[in-house]
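So, here come the structures, one by one.
Here come two complexes built around chain A, the first alongside chain B, the second alongside chain C.
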Partner chain A sequence: MYTQGLTPQASEDGNDPREAAFQARIDAEDRIEPNDWMPDSYRRTLIRQIGQHAHSEIVGMLPEGNWITRAPSLRRKAALLAKVQDEGGHGLYLYAAAETLGISREEMVEQLLAGKARYSSIFNYPTLTWADIGAIGWLVDGAAIMNQIPLCRCSYGPYARAMIRICKEESFHQRQGYEIMCALARGTPAQKDMAQDALNRWWWPCLMMFGPPDSESQHSDASMRWKIKRFTNDGLRQKFVDATVPQAHLIGLSMPDPDLRFNEATGHWEFGAIDWAEFRRVLAGDGPCNRERLAARRAAHADGTWVREAALAHAAKRRARREAA
Partner chain B sequence: MTEAPMPLWEVFIRSRAGLAHRHVGSVHAPDAAMALQSARDVYTRRGEGLSLWVVPSAAITASDPAEKDMMFEPTASKIYRHPSFYDVPDDVGHM
Partner chain C sequence: MPATTSIVVAESPLARLALGRADDVLILGHRLSEWCGHAPMLEAELSIANLALDLIGQARALYALAAEAEGAGRSEDDFAYLRDERGYRNLLLVEQPNGDFARTMVRHFLYSAFIDPWWRATAASNSPLADIARKAEKESAYHLRHAGEWVVRLGDGTAESHRRAQDALDFLWPYTGEMFAPDSSGLAPDPAGIRPRWEANVAAVLAEATLTRPDDGWMQEGGREGRHSEQFGRLLAELQHMARSHPGASW
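Moving on, here comes the complex of A and B:
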């Protein structure tokens, strides 16, 4: 609703007197709402972050959608269908939140399809077996929850409100995934191997989901000051590892990391070096499924064009008829 | 080329009988009937409501947050609008 009549105010970041008042509001834990004055760089950062987040939800439907028709039981199929539908909803809440900043959904979708906007690197990995659906719910959604819970207190009101809704829905996603892993881990040796294989393939890419190490992260400082972000990448990654390792051990699975060890003194699980070259390669477009994912989105968008056009034409015709009557 | 924008609608849900409709978000749709369908799918997947409203976003007139002082500040000094402004004997009991 806030996009109408909104003309982004020009401000030379850093020397606008309104900036101090803006920062004071943020420091006081006040929320920023769409038509409030904000520095351009705050607006741009949010548009980029919320847009990427929305794209991730939408592209994230693809790897799991791949298994809906092959789910092993009706119960699993209904749960997976509901989860994938939720992810579509998350994408829509987030596009709407980004639109309050003065960009349209059409523009954002265009950026995604043109390969100009990013989405989470994790969705460029393939889902090879049914166990991958368990691993995604447990690990990918688990990592997403770690990232998203602090975003419920983000300084930008519409983003924070969308995240509260999303977080409420996410916990079912993680539990259904872990339930799949539990069933496989307790199953035949072949099923247990399948679960372990999925964990082996998803573990490292999941650790990469939290983004580059703090020493290299370029957006962190301003985002922390603006309270868009409240924990650092490394901080969230550690929380995820600490939460997840015991869950794997509980069902007799092990992490694919020979350096993993519990540090009694700090109470944290220490883990081995992450292959950041792989992360950068996947982000740059050269992961196992980047081309396939974008091609699928482009095809879906192109195939739906006539439907959107017809629906708009139909609505215009009815409006004209009503006005003539 | 950016395609034609799909109209925007604001979504309001009455979560329980006796409560007012509350703004929950927005959807894009070509007309009111499809906006209602879409709002149902996007915002009520877990029994969130008993009633839905969709309103064209363009139909909403909003106050300008930059003028909030002019708009709302005058009430701050009118403390005589509150019951605690008035002195009555303690022994009158609850009033």
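Moving on, here comes the complex of A and C:
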């Protein structure tokens, strides 16, 4: 694989004189590029984060793909198919961005299938009705954008550039999802109930997407220093709540949080306690669909082995024939 | 507002022609979209979605033409979601289940090897489908190339992929005859006239793929008259479930 030349250079973080110069570049908002020196822990953090992000795009195709064949109109079907295709494309650029750090796509996929690499826990929740497709676009993509816009300025160049493209498409998905919800909210009573039910089920898991409270987050400090992360989990979560609550109210949906109230003094929506036990349980593997999602990815990979082998064998035959000619 | 019950289309010759072609691409697009999230590799995931999107786009344009031809004020969704199995006019070939990746790609190749020259002939004619054909021919040229390349890779890949590709070809071959049923409406090129170009497309790819062209035996037919395979009703049940459960709703 072409990434083999990029094996991480050994360094003891904290003891390398190059580290000060590296941090100075980051502080000056310079971009770090693949061939630049970087501390191992910076490299590992990025591989973990970009890999996780890529896996999330791929696993995320499953809950949405679940509704393509049942989309209620041809226009919605085409839009959903295009959206799910975009997610696959995002997975592809992100794997490519991670490969610049010295890991191959094959290794990352192996880690996912072995259950060693994570993907966003939100995709362990099921899409039970058509309204879930609206809710995913509006809320899940909406939350993802809050997380991802700051990544367009991430210190690692290839990741930042991939995120610029991804964010453009994600904001289109978010508007599309909200538009699905708007159509349901002004539809028949059954459609409106479907929309409310989807909001009720997706709201809390979406708040969990920003990660544990700042007081408990493991990765924040170094990531902030390296400008891989620019806002805290709690800060982004609040931005998401503030942006989303008025959108729900505008279309006549109510928030599934009896403690939600607007604080005139701060200008923020204050929300109730998040069930972090649920978050940890789903993350640990006991969500509604963890087993199904991984099983589906493993089955696709295993069933596709003969196809990938055929493509390689055919390419080798062609090469051999060209060389013999 | 869609009706609450199934519709029966008053099929003028043009409506019937447009519906047949529209149903072909909607159903083939539906089958392809079933791969979403389960394809053998990420690149195939993206290309299959792309093929499906092209086909669904073509279906929408063709249903719009059928609606105009019928003149009963129906929408694309009425045609797709409210016709019963016996009212669907697609070829049996395109409704065949995906099977493995070889069957999906061979199915796509056999269809594209026909529809690409048919769209080109239609685009160059004064058919009422000519405008649609001018857009579709660009897409079908890519479909033919893409599916043909996969058939070659699988046929001339490993022993296993060769066996699977040959099995797919043998299984699907009896569904190819229906594509060439004569059309004397004069509204578009007669499919029977496309046969030599289809034969040439197929022969070139099978030769490179080291696959054997099956003998032309008994050919299955009936799709254009609404006599489908047993599994087709299940496909429609899935496709139409939302519209049927929420009569009159807009989405």
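Everything that follows uses one rule, which is that the second predicted complex is superposed on the first by the 322 of 325 C-alpha atoms of A that agree within 3 Å, B and C clash if a C-alpha of one lies under 4 Å from a C-alpha of the other, contacts with A are read in each partner's own complex, and residues count from 1 in each chain.
Methods note: contacts are C-beta pairs under 8 Å (C-beta built on N, C-alpha and C of every residue); 3 or more make two chains touch, one makes a residue touch a chain.
Only a predicted model underlies this, so the values are computations on that prediction, with no experimental measurement involved.
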**Request:** Using the touch definition from the top, say if A:Ala320 reaches chain B (first), chain C (second), both or neither.
**Result:** neither
**Message:** On the A-aligned overlay, A:Ala114 touches which partner chain: chain B = first, chain C = second, or both, or neither?
**Reply:** neither
**Request:** Examine A:Glu106 and indicate which partner it touches, taking first as chain B and second as chain C; both and neither are also allowed.
**Result:** first
**Request:** Would you check which partner chain A:Trp37 touches, where first means chain B only, second means chain C only, and both and neither mean what they say?
**Result:** first
**Asked** In the superposed model, does chain B or chain C contact more residues of chain A?
**Response** C
**Asked** A:Arg308 contacts which: chain B (first), chain C (second), both, neither?
**Response** both
**Asked** Which partner does A:Val84 contact after superposing on A: first (chain B), second (chain C), both, neither?
**Response** second
**Request:** Kindly classify A:Tyr93 by the partners it touches after superposition: chain B alone (first), chain C alone (second), both, or neither?
**Result:** first
**Message:** Applying the document's definition of touch, where does A:Gly187 land relative to chain B and chain C: first, second, both, or neither?
**Reply:** second
**Message:** Let me test your reading of the model: by the given contact rule, A:Leu250 touches which partner, first (chain B), second (chain C), both or neither?
**Reply:** neither
**chain B/chain C common contact set on chain A** = 82, 85, 89, 92, 305, 308-309, 311, 314
**Item:** In the complex with chain C, residue positions of chain A that touch it
**Value:** 58, 61-62, 65, 68-78, 81-82, 84-85, 88-89, 91-92, 95, 130, 180, 183-184, 187-188, 190-191, 296, 299-300, 303-311, 313-314, 317
**Message:** Under the definition above, what is the set of chain B residues touching chain A in their complex?
**Reply:** 2-8, 10, 25-28, 30-31, 34, 41-42, 45-46, 57-58, 60, 62, 64-66
**Request:** Report the residues of chain A in contact with chain B in the complex, numbered from low to high.
**Result:** 1, 3-4, 33, 35-37, 82, 85-86, 89, 92-93, 96, 99, 104-107, 110, 161-162, 165, 169, 305, 308-309, 311-312, 314-315, 318-319
**Asked** What does chain C use to touch chain A in their complex?
**Response** 26, 30, 33-34, 36-46, 49-50, 52-53, 56-57, 59-60, 63, 76-77, 80-81, 100-101, 152-154, 156-158, 160-161, 164, 238-239, 241-243, 246, 248-251
